[in-house]
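Each of the next two complexes has subunit A plus one more chain, namely subunit B in the first and subunit C in the second.
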Partner chain A sequence: MSVISFEVIYRGIFQKSLAVKISRTLILAAVKEGKPGISFGRYSDSPERNGIPAKQFGYIADNEEELETVAAQYEPKQVDISICVDDTLCKGVESWAWYGLQPINAVTKPGGTLIVTSNQKEDELVQHIHRRDTPYKLAIIPGEASFAGLWVYKDDGTDARCLAAALKAEPTMCSIASLESAIRENIGSETHIEAAREVYEDLRPVEIEPGQGNDEVPFTFELLKWHEMRQGVVIDGVGGHEGFRGGEGGYEPGRNPYFKKWSTRTMRPVVSFDKCTKCTLCWVACPDTCFDVTPDGFFDANMEACCGCGVCEAICPVKDCITMVNEVVFEERDSQWQMWQENKEDYDKYMDEKISVGKIEGRHPITGLGQAFSGIGIEMGHNPETAQVKSLQDLK
Partner chain B sequence: MAETSEYNIGTQELPLMGKVNAIPEKAVEEYFTSGHRTCQGCESALIMRLMAKAAGPRSIILGSTGCMYVANTTYYSTPWVVPWMHTQLGSSGSAATGTAAALRALMRKGKMKEEPINVIAFCGDGGGIDMGVSSISAALMHAKYNLAIICYDNESYANTDIQISGASPWGANTTFTPPGKKFRIMHDCWKKNIAAMYAVGHTRCNYVATADASYPADLIDKVRKALAVKGPAFVHTLDPCPKGWDYDPFYSHKLGELAVETGLFPLWEMTDGALTYTGISARQVYGKRGRKPVREYLETQGRFHHFEEEDYEYFQSEVDKMWDDWMVPGVIPFKVNNPSKK
Partner chain C sequence: MATATEQQQGAGVHLLTGSEVMAHVCRLADVDVITAYPIRPYDTVMQYVSKFIAEGDFDADYIPAESEHGQFEIVKHASACGARVFTGSSGVGWLYAMEPLAVTAGLRLPMVALVGCRALDDPGAFGTEHNDAMLVRDLGWMINFPDTAQEVVELGLLSYRVAEDPRVYLPCAIAMDGAFLTHSQATVRLPGQEEVNAFLPPYDRGDLLLHPDNPITIAPQANEDWLMEVRRQSSEAAKNAYTVLKEAHADFSKTFGVDTDPFLDEYMTEDADVVLCGMGTLSLPVKVAIREMRKEGKKVGMVRLKWFRPFPTEELRASLSRFKAVGVIDRDYSFGSPYHGGIVFNEVKAAMYGADKVPHMKGFVCGLGGREVLLEDVKLMADKVISMGQNDAADNEVDWIGVRD
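Coming up: the complex of A and B.
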């Protein structure tokens, strides 16, 4: 029996259309060669929310019986290919359906391939990815994460490029010709096909050895079984409100311990306490109640709660006081205020360094139109008529 | 009146904020906290947080089905600190009345310590502007029950992936109204004027207000007034929703401001039958401040991305009518035909 299974790991809503397009087109390519397949979203990820990680799955089988056998499962326990369309998810996936932090490579088969769209290099990226006992391959498609909104599709070639990478990882799925015609029918222009070919030729997966990667133990917890639940499905409210970091003074709210927003954010606020006027606006406006009140009346964004919306940066009236910085440049979740208390010069250096490499710029109100023309693989992505392939060299 | 009807132990005394930087001093404690699964930049979640902050620890909160139920309290986990219970989609009014009536009866019969407990039922626009209108209307009839209904309006059935509701704005793209090649505008109703409708129709409801989380002190004070007044009260909030309105969550706060600055969502409160405009809306009504072109608000959202020049113009002309033609600007849309007749 030979069934090839894959998953697309993406950010809810922002990348929903992208993930569905990748998953469906791959199946349709295999169907062209008489192989039955199925593409489906994870039931419990729906309804999706902006930014909350979600998954799309697919199976390609040799015949109907094989397909029925695997499709009877709720979702695949292991997949041959994992496609991750936002590299900040390499820190782990905390989706609706999964309680705790699931490593990005959690269900990639031993020897299977993890494909990531990223501007990082393999050795940088692997530092974020949780280590495991079995080897796997890591393949990077160079480029930024492709984000769009519910009503806008960012047609920048990420779809075609991911498909080519998947085929390179599992060449038995279908022929290149079938993939190309599926891209032509379901995605569009010749430009996409050119972009796909380029990835197919250039992709160089690297072997990741057992034990290589981030040694943090991902946070998990046991779910209650149905017979352990209380009558009326009653649960305790959140308790544990106390002073800042359990000490005297300040205020730190208790928080839902089962859902931390470690992997919902693609960026985090960095606060310059020297500039802060304690105007309180960031604290008031945060929908996620992230800011702990410090004993001296500052507001310290707690990285166990922040989803990276950027509202605090938008509202702060002081120039350059709050800066949103790409999540990939951080390994720690420490209190920024405590770092600043311990050594102000060091903190300023830390802050400047993070901002210089990871500051989020070029915002556009409508998601998907922001940086639409910066291009990942295709320039002028919104108009297939005028779109041009951007060579990988240009991206370097 | 008979003895039982008069029994009302009153409401809590809740000091007002006045200005935003008084909030950490007067209400630092959180009663709706982190660890919900709403979208990045969800203003409805901020409404929950500020509403709970306003209500404080001695409160019972009921919530009808929608994002603020589904995204907040998934499988055996919660961000609520105060007691919270889910109620059916159209039932926020009945849930509030039932809870307030139960508390009143238990206290009157001496089965529970006499103490004013805030009862809030929240609902989305689907729950409070479409499906739950009759149950809310019933709840606003009974002066003997102290309760507040808060309708958090994200202008669609958001939880089920953005279907139009009676609160969706004219022309918006939703899953039920995608702009087509032949017909660009698939939703041609003007938003239901819900707060005024409840205010005008329920003369024993002593407090009705509109609010917006971009003006947090005003919002908290309105929730506190709704809880302090004896009998039922209704507050309608407008909440930018990055998923359904389709914008970068960074702009959530800005869009809440623009809704008021453009005159599209006037802020007001009605206390014992007297109307007061609040914040920027008050200055706009008295001509001390202009209204920004509504285009600034519309252009920032993907759901209006298909708009053409004539659509912006039509939208602006409708907003202008609200201010120039309505009997009570931005609130009550009548003209009086025979004003001189005494």
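Coming up: the complex of A and C.
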């Protein structure tokens, strides 16, 4: 029996169409060779909510009976290929199903391949990915995360390039000719096929050894038995508040210890405390109450609570006081205010460096969405009439 | 000086409709929050409740809502805040509140509601059918079907006592036959306030109380990792309701000095060969017809279910096993169900499956839309059951009685 299983890990809404497209096309390529397949989403991940980490799964089998045998388990416990289309998800996936933080490689088989679209290098990215006991391969498709809307996704070639990388990881899935044919039928242009070929030739997965990577223990909590749970669908309230970082001055609200939400974040605010006028607008406007009040009256975005929505940057009246920066350039979740207190010069240097490499450009003043969202989406595939992609160069 | 209402409502015998008795139960139970929205026939209870409040004999927050949906939402939330609540509706009005009805049971809130049973539209009809009340039977709601205004005292007070027990915390519907009970006056002995106080402790929501001093979140988003456990809890609460009801009924009998069975009202069953089984006010024509048939030597009896939820499975099995044949009368329908029988017929059969001795059973659909159940209808049904018993043969047919054919 030979079954190939894969998952596409993506951001709800922004990448739902992209994830479905990748799954579908991969299966349709295998179907060309008489191999049946099935693709489905994990619904509780809430694929219809902005930015929520979500998963699409797929199986390709040699025959229908084999397919049924694996598809009877709706959610695969292990997959041959994990495709992650937003590198900020490498910090972990916290779904709406409430089971703590899941490492990005949690279900990648020993020896399986984790494919990530990223502008990071392997040695940088692996710092975010939780370490594990078994080896796996990490393959990076160079490029930034492709974000779009509910019914559309960007015509930036992420689809074709991910497909080629998946085939490279599991060459028994189908021939390159079948994949190209599926891309032609389902995505559309020769440019995409050219892009796929290039990835297929250039992709160099690197071996990740056991124990290599982020040593953080992903937070989990116990799923209670029915007679241990409170009655009436009641959970303990998040009560009270304390001083800043448990100290005397300042204010930190109580927060839900079971649902941290920060894995929803694709960018984070970086605050220039020298410029801050303490006007309180960021603190008031933050929909997640993520700002802690410092003893000296500044507002410090708590990286355990920030969802990265960018409302603070949009509402801040002071130029360059709050800047949204790509989450992937950070490894730490330390207090920016504390860093600034310890050494103002060092903090300014840190801030400038992060902004220079990771500033999210061209954010819409009302929606707060970055440039990554601003392209005109295409409806489930390539339309040569409206395509922004004219050459291979456009896809990079 | 005592008000007119006080003079009329003291402990003792009064001539009252079922709705009026329900209003007295609210007053005696010292209900805190009541919401109303008009629909016949339940709404007479609100006329009496508002009169008691207006005359200063009853202190409760009385809120006319903008719809049934709002009506049930308001008391649902009040119940979460620790208020003893009362509301009610009928027919499609009750169905318009279906979302809060489901949620109230899901959240384990001990709302007590009067369902003035009424046919579901269309066609618009005021008469009684049990389908409206029965639509919450799978959701965790307890449901009882009083047959007389006097029984409304018992089932009304028990509803509060059992619903508010922390082992249960489930809502309870008092399903009263429209017109036959909601609008018919009968002599009723009302209990005194002190007896009621002794029987019914104040509602205590405990640590589930929605209050700023007790920070909790009620009903957060939870998916497949949690929901099955939540449902399992509700199942346990519904099981507990059975035990708690038996306990509470024993206490009720002691406090008020009455001698009734908690679940079943049996009439002339000691020597009966066959019985008719049903719920609500049809017990009156059934009892009278039985008396007449007894004169002809026909050994017929009646077993009336007082509570449909919790369903008294063991009691019913023990009771019905004693007879050769049983006819189940449904004042409701369940189109397309096994043998196209009514809801009670199918549940009674399910309860009897696997009993040591299973009587032959036959279903009847009768009295829909408030059509009167005539004595000759009852006799016709009884004769069919008697002949089933004599032939010692099952008859799975379900007959419509009193329909023009």
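To be clear about the criterion, the second predicted complex is superposed on the first by the 358 of 396 C-alpha atoms of A that agree within 3 Å, B and C clash if a C-alpha of one lies under 4 Å from a C-alpha of the other, contacts with A are read in each partner's own complex, and residues count from 1 in each chain.
Assume a residue touches a chain if its C-beta (ideal position, glycine included) is under 8 Å from a C-beta of that chain, and two chains touch if they have at least 3 such contacts.
Keep in mind that this is a model prediction, so the values were computed, not measured.
J.: Could you tell me whether subunit B and subunit C fit or clash when both sit on subunit A in the superposition?
T.: Once subunit A is superposed (C-alpha atoms), there is a clash between subunit B and subunit C.
J.: Going by the contact rule set out at the top, does A:D86 touch subunit B (first), subunit C (second), both, or neither?
T.: After superposing on A, A:D86 lies clear of both subunit B and subunit C.
J.: Quick check on the superposed pair: does A:E7 touch subunit B, subunit C, both, or neither? Answer first, second, both or neither.
T.: neither
J.: Output check: A:A285 vs subunit B and subunit C. Expected answer is one of first, second, both, neither. What do you get?
T.: Touch status of A:A285: first partner only.
J.: Looking at A:G239 after the superposition, I want to know if it touches subunit B, subunit C, both of them or none. Which is it: first, second, both, neither?
T.: Both partners.
J.: Examine A:D159 and indicate which partner it touches, taking first as subunit B and second as subunit C; both and neither are also allowed.
T.: neither
J.: Going by the contact rule set out at the top, does A:Y251 touch subunit B (first), subunit C (second), both, or neither?
T.: A:Y251 contacts subunit B only, not subunit C.
J.: Contacts for A:L150 in the overlay, against subunit B (first) and subunit C (second): which applies, first, second, both or neither?
T.: So A:L150 only meets subunit B here.
J.: Counting residues of subunit A in contact, which comes out ahead: subunit B or subunit C?
T.: For subunit A, the partner with the higher number of touched residues is B.
J.: Between subunit B (first) and subunit C (second), which, if any, makes contact with A:M229: first, second, both or neither?
T.: After superposing on A, A:M229 lies in contact with both subunit B and subunit C.
J.: Overlap the subunit B and subunit C contact sets on subunit A and report the shared residues.
T.: 96, 99, 223-224, 229, 233, 235, 237-239
J.: For the complex, which residues does subunit C have touching subunit A?
T.: 106-109, 169, 207-208, 214-226, 228-230, 232-233, 236-237
J.: Of all residues in subunit A, which touch subunit B in the complex?
T.: So the residues of subunit A touching subunit B come out as 12-13, 47-52, 96, 99, 149-152, 223-224, 229, 233, 235, 237-239, 241, 251, 253-261, 264-265, 279-281, 283-290, 293, 297, 302, 304-305, 307-311, 313-315, 324, 363-370.
J.: Quick check: in the complex, which residue numbers of subunit A touch subunit C?
T.: Interface residues on subunit A, with respect to subunit C: 44, 96-99, 223-227, 229-240.
J.: Given the complex with subunit A, which residues does subunit B contribute to the contact?
T.: 20-21, 23-24, 28-30, 32-43, 45-46, 49-50, 67, 70-71, 74-84, 159-162, 173, 178, 213-214, 216, 242-244, 246-254, 299-303, 305
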